[in-house]
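Quick one: the structure is below, questions incoming.
By written order: A, B and C. Residues from 1 in each chain.
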Amino acid sequence: MDEDNLFIFTIEVLGTIAFAISGIRLAAAKSFDWFGAYIVGLVTAIGGGTLRDLLLGIPVFWMQSGMYLAVTFLSLVTVIIFRKALVKGMRTLFIFDAIGLALFVVVGIEKSFAADFPAWVAIAMGIITGSFGGVTRDILINEEPLFFRKDIYATACLAGGLIYWLVMNIPGTTPIVPQICCAVTVVGLRIAAVHFNWALPILKVDPKDLPEQ
Amino acid sequence: MDEDNLFIFTIEVLGTIAFAISGIRLAAAKSFDWFGAYIVGLVTAIGGGTLRDLLLGIPVFWMQSGMYLAVTFLSLVTVIIFRKALVKGMRTLFIFDAIGLALFVVVGIEKSFAADFPAWVAIAMGIITGSFGGVTRDILINEEPLFFRKDIYATACLAGGLIYWLVMNIPGTTPIVPQICCAVTVVGLRIAAVHFNWALPILKVDPKDLPEQ
Amino acid sequence: MDEDNLFIFTIEVLGTIAFAISGIRLAAAKSFDWFGAYIVGLVTAIGGGTLRDLLLGIPVFWMQSGMYLAVTFLSLVTVIIFRKALVKGMRTLFIFDAIGLALFVVVGIEKSFAADFPAWVAIAMGIITGSFGGVTRDILINEEPLFFRKDIYATACLAGGLIYWLVMNIPGTTPIVPQICCAVTVVGLRIAAVHFNWALPILKVDPKDLPEQ
């Protein structure tokens, strides 16, 4: 594994832990059994990257290294042991989750460029890598996907992707610069969105005006 | 792009608009934010074709041209601006939706034959292209997929596919003829189904006779 | 088709019948129409294998032979005709379902090895082949996937996969031996789990301790 791949691999593992724990905690709130909680954690962590790899037509990342399944297992053990602390430490976890999101967006963009796709596909893959795991998690626990009406989430991924693309096109930029700018944008927007209660406008139609369908 | 591909591309774009608007309106009824509504519209429009391309093992269509994402964006803007008119104009939209469905079935069949699959796979892909986007939309907004108990919908796709196959086997038919026959069948059946309240028989079992599972 | 492929094909067909009937019966309990019930039955039967084939990057199995769609159709006809008997005969069906599960796990493992993946991927694919169809079924009928809190189900697939791997590594074993050991493990665990009400520990967190997300 060369240095570049090692970097991507490292941030994938960190993001995996953050996302797995978020999934496992929601599964716990629904009284899933251990295996069920593991699966929900796993799907949250690897769902986005799996869809990305299928769409890009490249080998699915978590089937190339046992690390992802193992790291999710350790996350489950951690949640089982440190349940109380984890619940209290929700603020720490939020930061963790925001960093995971940022890392996933960067990985999604990098992999798309490596597979020779144009910038707009890369941005879309960044959003999918960051968001789709959480959507799948919400479908599995039979909740309406939260990101559709919450403080900006997928929008933060989109903004990060656009920043990546802008910075990338500045002449003389080294590859790490757009990565950092993208990640900082995502984390910053997530923190600001939660802190200031930012939200996108709601698209509202009076339900009784709607035709049956 | 040769003429044949241009034709398929054109009908894909028209179908995309029809399906995107149907998804965006349902998202609006659920008070999704703009981005959420965009995603639901996009998934409704490209979900079926995406699953088809993954199953056929061919490059995913919407990653080859930015048109689909752009057209869905214009659909969102249209819904935001012309909300009232769109709601009142539900009859126009239904026709639009039926035409979109017919076009998607034709595209699904064409692409399967182009990838050297037999007729029965092509018919299945026609149904998937036409129906799966709507199923995904219903899953995302956490409703039971409507097409399972509504006036014939997937059945209209099936009938269109069978007509395509029958007409295709008439000696001396030019390629456009089965396409038109298929599309007319789908649109006709959809209009008739809604107008005459056609429905398939319900498969009914007394729930208390069912074992827990 | 050589002998080995014929064997896999045969057990796939038997498993397909068992799973299709389980899906069709649940769709009946929800008053789906015939086509809807067919789709739910089909998805239950082929959903796991479809995801497996997409992940492995190999041609999707049910697109290679019309047998799977045909067998599901016959399952639907059977349920329509023998409704009462099928409901009464739930005990027979449970055994049928357990055998189907065991066969699917074996097929998932075999195909993964055939595609040159390591043992831990093969075990994961065994679990996916066995479980994912049922998860998709539950999502389609808008129920929380049952396997997350039911008597051990995916866990039985995991145990079967581990046994396969252990037996496979015994020097001098012929290929059929791990297959049989795996299948017996899965069926035995399913029967024992239902009979003795075995279940995994629940992962419990007080919901009001959880942060909004």
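Here, a residue touches a chain if its C-beta (ideal position, glycine included) is under 8 Å from a C-beta of that chain, and two chains touch if they have at least 3 such contacts.
Since the structure is predicted, the reported quantities are computational estimates derived from the model, not experimental observations.
Shared contact partners of chain A and chain B, listed by label, are C. Both chain A and chain C derive from one sequence, and where they touch, under half of the residue numbers involved are common to the two copies. Rounded to whole angstrom units, the spacing between the C-alpha centres of chain A and chain C is 29. Contact with two or more other chains is made by residues 54, 139, 142 of chain A.
By the touch criterion given at the top, residues 22, 24-37, 39-40, 50, 54, 59-60, 63, 66, 69, 79-80, 83, 87, 90, 93-94, 139-142, 146 of chain C touch chain B in their complex.
By the touch criterion stated above, chain C contacts chain A in their complex at residues 54-55, 57, 117, 120-121, 124, 135, 139, 142-145, 147-149, 152, 154-155, 158, 199-207, 209-211, 213.
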